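Look at the two complexes coming up: chain A is in both, with chain B in one and chain C in the other.
== the complex of A and B ==
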């Protein structure tokens, strides 16, 4: 029962591995006219599902932050902790794979004027800030309130990131799934779907395991405090 | 209703609950002393009353004005405050600090003389001994009542720490004198002389005894016109910290770019970016006054005076504008629009970084969080301005 989170995460990781393999070997190649670096386009099968998983994690971070801040729920704080770590992991996967793809396709790994790139990177940096910042502070209501506030305000970037390519398409391409243009080949869509499901399972497992770990950490701290009080 | 009113406050600090639905009311002309072991919650009561601590439940009111409640509502009114930390920046001047605390002009030199600080009136607080600095902090807490004929609340947290016996006696007598003037005083202390000067003593956890102090005699200090503090700009002029931090960073950026690039060969977007980059770097260094307020927890005291953190935003506009002028001169492309953009971009960036840092002040180790991890987002608006202006 207690290892369910890790088991789910392992299942998701296996799915992510399968996605990677299918994307690199099985998925059809794209038209040489549509892309400058058609082979690099295969990064898409890792890049898009990791972005999806990161957005899920940022959503969970928002929920955890809100419920801690307004309801003082212990589970919500654990969700905040676990989802910020999950958001950092998947956010870095997405940014890193995007830089590689960008370097091949655009000739530059980054564009400081592209709103989608920058707001997404900012969300990843926010996760990094929350993870490192929390480790630098003793646990307590002040620490939790401050980081929960950052988690809540940071979520403003999520809708910005989502609509960025629709309103201000600068360099990052617009949506390719569920659009009226319907430009995605069915085999490509299948691999992408497997990727999205796998990364969703991975992120859920990661968050479950993270929440359990945080619970154990807090319990350990309580036991340490009790031991110190009793030995006085 | 009392001058100081804490209503059913529940406060958590760290992982423990310090106050649980606790109330206290202090009337005009009353001195209430909080006493008890270290860590029992005396400072929490003082800081909650001053609105410095967020509460789970309840509210704090002073002179009928809501100071803070559990819904996050904040308000401010005139009251005196002396915390356990001195809460004074080292570069503040002794006389100036007392006037800032009073909020109006008055004969500060005679007051300082009675407290043995007359000869230090023009000195920076950093030059004083620990005991002298403590006396300045105490006077900052007491002076709003000394210059007011209306009842004013005074909150003092262990004011006697670091004071000699004579000074403690003088403090106890002053508390009685202020009470005679109708002011309401809440003081946390272990000192027997301070405890003896109280009308009520609340021994934590919450047994209350009545005192029988001698009566004091209040004499009002004649005050003049109201005083504007402008503490950020004053401190910046005195310390030049804006130039030393933000300005130098901007100049170094310009120097580094000049070492790598030939400005005469730049054009279009690259030229605009070259001119605006030093202002961005200067802004990314953050609010230089914020760093000064971290000394002795001065930000907490200033937070009770104004909702806007001490800043030198007008000076930042000048500094960032001057750096942009310099970058423009180097390139030979002198455009007023670009210079104005550099000044505004730099100042806005500085203000945002300052606000991000300010948001972490509740943490027990605000210096340990890497708030600068969040600053790359500020490159986006800069890059968009560069794109727009280079068209």
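== the complex of A and C ==
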């Protein structure tokens, strides 16, 4: 029996719901001295996993774009399409949750001088361009090549976004995991891990479902062409 | 609205958005499957005639 992407996505969605509940009720509060809006800090359990999931999706977009561009693999094109949609959804989720936190903590939802915020926003806009562009253009090798090129070159923003807070910490907080400072409480780390696993499952489910969806779209287009030819 | 209520509303909005996205994938998949089914039947009928 094949596992349907939709079932995997639902499992991830349930995990995201569990992360919300644990983040609100079980995770410890942060010090009132360290944050201006300590309650708003709880959005961190959603914001960081959605950023992680977006980075995974952009990684898959890169792989799909490379394999389409150089190998002309149909599965790679389907991966490109599905991961651009997944990157857009999780990227928007991350930007939105960050704006909510920024409004509460900094007093402004966005800082145009912060490198991390702006490179991540550019990645999300890139996936928006790929999703809308694909829907408005007829499918063909040239169209696919153009979008795949954007998917490949756009990926340069991923490592740049990752190191941005390490090199230029302007406003976005620095790393709290995979760092020698180790400032994260263990209960907080557990909720964050559950969130990261849930969002990973969610994104894998959506990419699986999205790849199948693209396959169905191409099959439908093929059948429609055959039907039109036979009707003439 | 207190900070906690504001946060819950924001969280629920985001879970709703994720659920809507998942449902959209379900709906698109079902709709495509039924269209493919109809076209395959129509093509099979044409071939048998």
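We adopt the following convention: the second predicted complex is superposed on the first by the 229 of 232 C-alpha atoms of A that agree within 3 Å, B and C clash if a C-alpha of one lies under 4 Å from a C-alpha of the other, contacts with A are read in each partner's own complex, and residues count from 1 in each chain.
One rule holds in what follows: a contact is a pair of C-beta atoms (placed from the backbone, for glycine too) under 8 Å apart; a residue touches a chain by one contact, two chains touch by 3 or more.
As the structure is a prediction and not an experimental result, all values here were calculated from the model.
Undergrad: Name the contact category of A:136: first (chain B only), second (chain C only), both, or neither.
TA: The answer is first: A:136 touches chain B but not chain C.
Undergrad: Taking the superposition on A as described, I'd like to know which of chain B and chain C A:122 touches: first, second, both or neither.
TA: After superposition on chain A, A:122 lies in contact with chain B alone.
Undergrad: Using the superposition on chain A described above, determine whether A:29 touches chain B (first), chain C (second), both, or neither.
TA: In the superposed model, A:29 contacts neither chain B nor chain C.
Undergrad: Should A:112 be classified as contacting the first partner (chain B), the second (chain C), both, or neither?
TA: In the superposition, A:112 contacts chain B only.
Undergrad: Which partner does A:43 contact after superposing on A: first (chain B), second (chain C), both, neither?
TA: second
Undergrad: Looking at A:185, would you say it contacts chain B, chain C, both, or neither? Reply first, second, both or neither.
TA: It touches nothing on chain B or chain C.
Undergrad: Answer with first, second, both or neither: which of chain B and chain C does A:16 touch in the superposed model?
TA: A:16 sits against chain C, while chain B stays out of touch.
Undergrad: Does chain C touch more residues of chain A than chain B does, or is it the other way round?
TA: In the superposed model, C touches more residues of chain A.
Undergrad: Classify the contacts of A:223 with the two partner chains as first (chain B alone), second (chain C alone), both, or neither.
TA: second
Undergrad: What residues on chain A does chain C touch that chain B touches too?
TA: After superposing on chain A, no chain A residue contacts both chain B and chain C.
Undergrad: Mind pulling up the chain A residues that touch chain B in the complex?
TA: Residues of chain A touching chain B: 72, 112-113, 115, 118-119, 121-122, 125-126, 128-129, 132-133, 136-143, 145-146, 149-150, 221, 225.
Undergrad: Which residues, counting only chain C, touch chain A once they are in their complex?
TA: Going by the criterion above, the answer is residues 3-4, 6-8, 10-11, 14-15, 17-19, 21-22, 25-26, 28-29, 32-33, 35-36, 39-40, 42-43, 46.
Undergrad: Applying the document's contact rule, which stretches of chain A touch chain C when the two form their complex?
TA: 5-6, 9-10, 13, 16-17, 20, 23-24, 37, 39-40, 42-43, 46, 89, 93, 96-97, 100, 104, 202, 206, 209-210, 212-213, 216-217, 219-220, 223-224, 226-227, 230
Undergrad: Quick check on the complex: what are the chain B residues that touch chain A?
TA: Those residues of chain B that touch chain A are 12-15, 54, 56, 359-360, 362-365, 368-371, 373-374, 376-377, 379-380, 382-384, 386-387.
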